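Pasting a structure below so you can have a look.
Letters A, B and C name the chains as they come in the text, with residue numbers starting at 1 for each one.
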């Protein structure tokens, strides 16, 4: 009987010794921070051109997270590869031979990877925020302002949850390519397209990424954003429900199917 | 191909060197492979065999030096599968494709008709599973599929990287006979292996490398005579140990090199059997055993590559499983005196839980006495480039 | 343990195959790549999903418009195929990446390049087979969807130009986009990484444009939007988001240029790198 701490330790060793972990997490950080910084610098340089209404509702916090839309792509890849490589390399058979308790195995792996994603997500979120604010100059906000800390921490949570959701989906589908082929279009096209189509918007706002990203807004409905029937924490809650559902599905699949 | 006084050189490497970053995988390797014979390419794991194979096949570019197949660099071969067949890695197939489609795509690449695919599937015995996706193949079936791919173009030159890996005994015998048959047809067969025992029964010629450098390049027969010594095993009555001392002294006096064996026998080198018998008779020593022996190819190989093993196993002391290491645990210390013998003679029988070739301090060069005796007992090594030669 | 061996190396007795050896050429490689691409499931899957998206979304949009009696006079009917093609392009990108990168993932590339050491020929054959396959499939699908939409909605008939651009043009564009993915897959040599980069490439201009509100940046925002892959595709359907930017058949030339540069880089890297 493998003890939980032992399995956790083994999963930590596995995760830190593959190069895809470093690659994806570094890209998530660099892409988010760099793109956010670039957009903040551009915005500062041209702030006076904004319309009066836009200047009033300008949300400096949200702007410093603008790169996250692309950065979360790398988080999705991280989550998918953490699980998917077990299947593609056949490592899963070795792993399940060593830890026959599949629930222990799955949740240890996911716990370790999620913890790592959360740490990187938080680092990304805070780095993105502070660099972005520094570049925004006089239009900046501070971490002590109303709701700002909530948004920054929320950004980190969002990144971690995206990775966790991807892991659960990859466990269900048992293939990296298939998971990416479904998650990427879903997050980056279907969800975005539907969110801009009048009627579909009502459905799309309950998608995990649309609901979850609400937490990163300090001013609700900033810059003419969509109004939503839920608040920032409510949005994150909807995302958590999606994640939990996916995890249950993952557990059932792993339990039932031959490795 | 180049014709010289050495005969045809189908594969010729000159000063082949490959560095990956700071690590040198192959260094200044020069050799050539002739047709009509099975040439074994031998070396411990990580010696650079596969890297050399990849450079021969143009997959990796050498850092320095060059290699030609049939007289030209492989990448300039006009129709490679018709001239060179290769088995590199049994798993180098797309698992989602059926065996037949895999071979068909390779056949089409060089204009080989589809019925040739069915032919080679028959040769390797995979007709039954030709339509199955190769993902479900065992390692042995994968090797057979790889061999089928190599045979596809009826090529003049064949390269096999560890072809018997994962095969069952029947499969190993089949590969062995196949290689001999291919060579007897006048083809050039170049086979890598880390198993000397396998090469001993398959190859005619041996190229041995260690740590990426050439250790030996000679025929199997020359290899044995250059690297092993005939010796006699003599046993005196166990009941009278003083007879053993007496005989040992008499034999040494007559110019033999005598080494006691752990079980009480003696190994005698440098004297023919009748002379030993005469000396024993002259010294008035009764013999319980007097038998001729020849060191095996395996021993010669072990000795040659001992200094060049990258991945040497240590004794599994299971200390890592212990919460606190226990001092008394592990192999008994008194085994150590036996150790210097290893490397000249048959290795000691495997101890439980101990790799026979990996006893600590198994380096033959440490003690001075026996090392000096080796050249006296064996013909001087023919290959002066051999860097691992005992001092 | 010495073993008698019979086959002493006999210099001069070199084997030569009774079947004459001819040079291998590009045609052989094309036949081989066709066998490869049709014999893996990922091809079947990606193309089936693409067919489903193109036909399903195309017909659903057309049906929705007729039932709601919306007026589509100001918009070409054929442009209703846009959303299906946009999603279908993801399938094309995936297939393009997989065509090369899966050979690296499985190790098959070493077998392939041993059998055909002229590396450029392998990549050329892959590109030709893939291009032809994607072009043919997309052309058939866009034609079918276009004809069906015109039949369902029944509000005038599109011009020949519109027909050509939304079938031939879109098919060529998707096939070129696929070639770009194939080149990226060949350079990155990792399926997941290459797919991510391709999706990033599609998204990056949109994400950047999304956060450019200010007046003085509007030229940059417009440019990013106009030259992003979705709106280039939209131009072919004549419902571009803006009035400037690429027009008519221009998106094809842009994509042709990008794909050619990427393929050129892929050739160079393939020839110089160790496999």
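Methods note: contacts are C-beta pairs under 8 Å (C-beta built on N, C-alpha and C of every residue); 3 or more make two chains touch, one makes a residue touch a chain.
These numbers were taken from a predicted model, which means no experiment stands behind them.
Listed by label, the chains touching chain A and chain B alike are C. The interface with the greater number of C-beta contacts, when B-C is set against A-C, is B-C. Among the remaining chains, the Cα-based centre furthest from that of chain A is the centre of B.
We define each chain's centre as the mean of its Cα atoms; on that basis chain A and chain B are separated by 53 Å. One simple way to say how far apart two chains are is to compare their mean CA positions; for chain B and chain C this gives 49 Å. Separation between the centroids of chain A and chain C, computed from CA atoms only, is 29 Å.
Residue positions of chain B touching 2 or more other chains: there are none.
Residue positions of chain A touching 2 or more other chains: there are none. The multi-chain contact residues of chain C, meaning those touching 2 or more other chains, are 42.
For chain C in complex with chain B, the touching residues are 1-3, 5-19, 21-25, 28-29, 31-33, 35-36, 39-42, 102-103, 106-119, 272, 274-275. Those residues of chain A whose C-beta lies close enough to touch chain C in the complex are 20, 23, 31, 35, 39, 42-43, 45-50, 54, 63, 66-67, 69-70, 73-74, 77, 80-81, 84, 88, 176-177, 180-181, 184-185, 188-190, 192-193, 223. The touching residues of chain B, when paired with chain C in their complex, are 1, 6-8, 10, 34-38, 54, 57-61, 74-84, 86, 88-89, 91-98, 101, 104-111, 149, 153-156, 180, 183-187, 197, 200-201, 203-205, 219-221, 224, 294, 296-298. Chain C contributes residues 42, 46, 83, 86-87, 90-91, 94, 98, 105, 191-193, 195-196, 199-200, 202-204, 206-208, 210-217 to its touches with chain A in the complex.
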